[in-house]
């Protein structure tokens, strides 16, 4: 956590103790010591890779006391939140899920926070949220009950997939055009005055400043859980998702050395039309 | 033209003379000689690569006489038909466009024919159509006025793109599944009794018989004009075309060494999240 | 079950007893009586709406004996099969999942069968499969272990969604075209000789014979589990699914009175461009 | 043109005279008088509905003199620019195409300008562009030769379609979710700190402030030429366009009372499965 945020949280009357398995950046030697060092009622903000969240939260259930609160600020699936809240609630421990957006820029810009949980827990932790969120009127929402924070973050990321791919398709078309000679300049021009101005556009311009042809980047993109879950939720709730699904599928395609589907298409074209296949 | 068809056309009272720039398979040394050898009223069926159609038809305009008929059976764009019909019509020469489907199998199975043109020209040439089309009640339609034949063939091919890609996606999913051990057998099983049985399925089964893993085929597929025109017409007429467009775009993607769009996505992910890019 | 199939199964040495909650079409007054009436080793083919399958199979677990076999021929999700097989297996009871395709036509045409399960169970029940499947070499596959039958059927249906929608988009475009005057005739022509000939095309032609403008049908389509599961599996296994997903989403859209997404688009257009909105 | 811009252009040494067919807002009684009132070398900025652009530019060709410059700032198709430049160029008259983005907000915010044309013409008109564009370093690009301005604006709008629809799908999913109770709050929270912050998001928040349920807006969206041309160019240049095409097709769908494609799907489901159709 950036020094500034830590100080702002402290200024708001919450002490801050950090735990990390790497001793050199940890204030406590163990989760148990972390809990010990915090005065009750404690708020423990868990921000760990999704694979270990469940384990950490279970450990915390054994270490914390009634009246304490656990916050999961990681990228958990929304459907994991309810069961956790129930288990901790049986011990009198509160639970909130917080979707956190902002990427590596959040340290300086503040993070957008989408919170799921009980109003009393939200109110209690509001000084912490105030310290983490951007200054000004935006950047925070109490989205609904437990689960709603991660759900909102999931949809946020789904939208992000679609936004990124819309710019990406436009980029590819401009690159392919015979007329537009100065593609990075055109993207840069949109940063002010245009309908498509956005922070993602600013970042794309930044990337093009560093590497105008994106020559050092391979067309290969990972995806994380949120994009997939968004489309799955679209399917569950019968919400058409052509744009977000297409942007997800494009990433899948980008990671294939060869497409089995197109092999089948090529095989068919060869069968009925005698069209040559590449071998 | 297969011997059998030639005989059937002759049996129907139309003489058959073929012209091809390769003398060894041509009945005439030139287009002029072809026209000379045919008794009026002549029917000249043009079946040439789309790049040369216009030139051939213009030459024929200079060689034929009023009362003759030109048929374009190639893969011309429907919008070329009207102007041709008009030019030839001014000379008293009829024009029909015929969409021909059947691939390399048409020689033995007969071809499905979709005809655009005047009823009197269709009636006059019906014996020829009868000789080319499959036996039985199907395989022929007078789709509408000049242009309607190529238009129907265009849509036919657009549908074909979608059908092929639906099988292809299913193929890829079955290949990826942990449960289905015998993918070619499953496709084969669908050839009778199932809702997805079709000639394309038969051909895919045939391809899988020859190469069960499609190991000798690269995932690379060309596209021809009809698929593109179909989507363009969807755009012109405000007809949603998600399936056919997706199958067309998948072919585009299959021909890219690297995707500029995904480069942009990867650049963006790196910018906001510090996600590693492949270089 | 059609009389003919029943006789063919009997001819193959398996007695046939049917149970249905409706006494007038049931051979047995209860599941228990059904089990009683069958000689061991019994094969019980469950073919019920997916909501009640689990309950029926659990009841059968209590009624059957070691050496008996349960077959689920309904539209269960593939992931339900493993747990069922395990539970029944603990009692010495075999389990197979069979994907069955053919619709209402299967009674006369035979059904395409995709089977998941152990080879010994498949072998034991082969006479039953032979009686149900179409005559000829196709219509049956042992797709893999338990679950592979329903998995194959799921993919089959996903493909079916894509195929249907490809024809549907082509249909809509032909209807919208100014040139093609005789859309049903064009579809009919494709039934023989064309690359797009299929059983679904035959059925679409049949529907157009009954109602050439589809005037009595609303543009409203339900979907069943298999289409959704197919796309979910595509997401899980990172298989791009643009065509099948688009055909699924189009059905979702068809059931909406108004589109919240397009409301948002219209609101945005109004905000930035002053474009009028419909109210 | 807003008073402020007019003054800034004048301050930059260019006189400003406006012509509009409505006398009450026109500085000149006719195009001829407009031309007369301007000192040579003249710059005439045409900003008219796309249907009349061609005619106005042709008239100007007859009124202007060598050394004058015509700018088309409307939403012309890029392919119209080359022929215009050629015709005017034969008379010694320069031509530039300028894509203008900013909507109704441009008057106060400045407009993003994408310019196609010769460098000498761009340089000559730079004071005008400076007066119209936003303050600061962004909002202007000389994209390439004649046509590149409208091409860039076309792609800009294509991207805009995709961006809008990404937000729209996310909006619909949040509305459908059982967990997120406060959808407008969630969108508002993203305005600062989040990865999806943008001007379009600000506007969507504004629309939700005015009508939190978008209850007074029908899910009906027009489209303009640029979205269609973008996809057509994607097709011409073999650039996959799944996202932008899907957002375009969704607008087409929104304007249909009933979907012929889904009628065909429903007819097929009825034919093979006996599924009920809505009538």
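As written, the chain order gives the labels A, B, C and D, with residue 1 at the start of each chain.
Just so it is clear, a residue touches a chain if its C-beta (ideal position, glycine included) is under 8 Å from a C-beta of that chain, and two chains touch if they have at least 3 such contacts.
Here is each chain with its UniProt name: A, B, C, D = 6-phosphogluconate dehydrogenase.
Since we're looking at a predicted model, the values are computed, not measured.
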Exercise for the section: Considering only mean CA positions as chain centres, point out the chain farthest from subunit D. Expected result: C
Exercise for the section: Could you check if the interface between copies subunit B and subunit C is built from the same residues on both sides, meaning over half shared, or from different ones? Expected result: same
Problem - Averaged-CA centre spacing for the pair subunit C and subunit B, given as whole angstrom - result: 32
Problem - Whole-Å separation of chain centres (CA-atom averages), subunit C against subunit D - result: 46
Practice task
Measure off the straight-line distance from the CA centroid of subunit B to the CA centroid of subunit D, and report it in whole Å.
Solution key: 37
Problem - Two or more partner chains touched - positions in subunit A - result: 103, 165, 167, 169, 172, 176, 195, 199-200, 234, 238-242, 246, 249-250, 253, 259, 261, 272
Handout entry: Pairwise touch network: line, ring, star, complete, or other
Key = complete
Completion exercise
Residue positions on subunit B within touch of subunit C in the complex are 78, 101-103, 106, 109-114, 116, 133-134, 136-145, 147-148, 151-152, 155-156, 158-163, 165-167, 169-170, 172-174, 176-177, 179-182, 185-186, 188-201, 230, 233-234, 237-244, 246-247, 249-250
Problem - Contacting residues of subunit C [partner subunit D, same complex] - result: 103-105, 164-165, 167-169, 171-172, 175-176, 199-200, 203-204, 206-208, 211, 214, 216-222, 242, 246, 250-251, 253-254, 256, 258-275, 277-279
Practice task
Mind listing the subunit B positions that touch subunit D in their complex?
Solution key: 195, 228, 231-232, 234-236, 238-242, 245-246, 248-250, 252-253, 255, 259, 261, 272
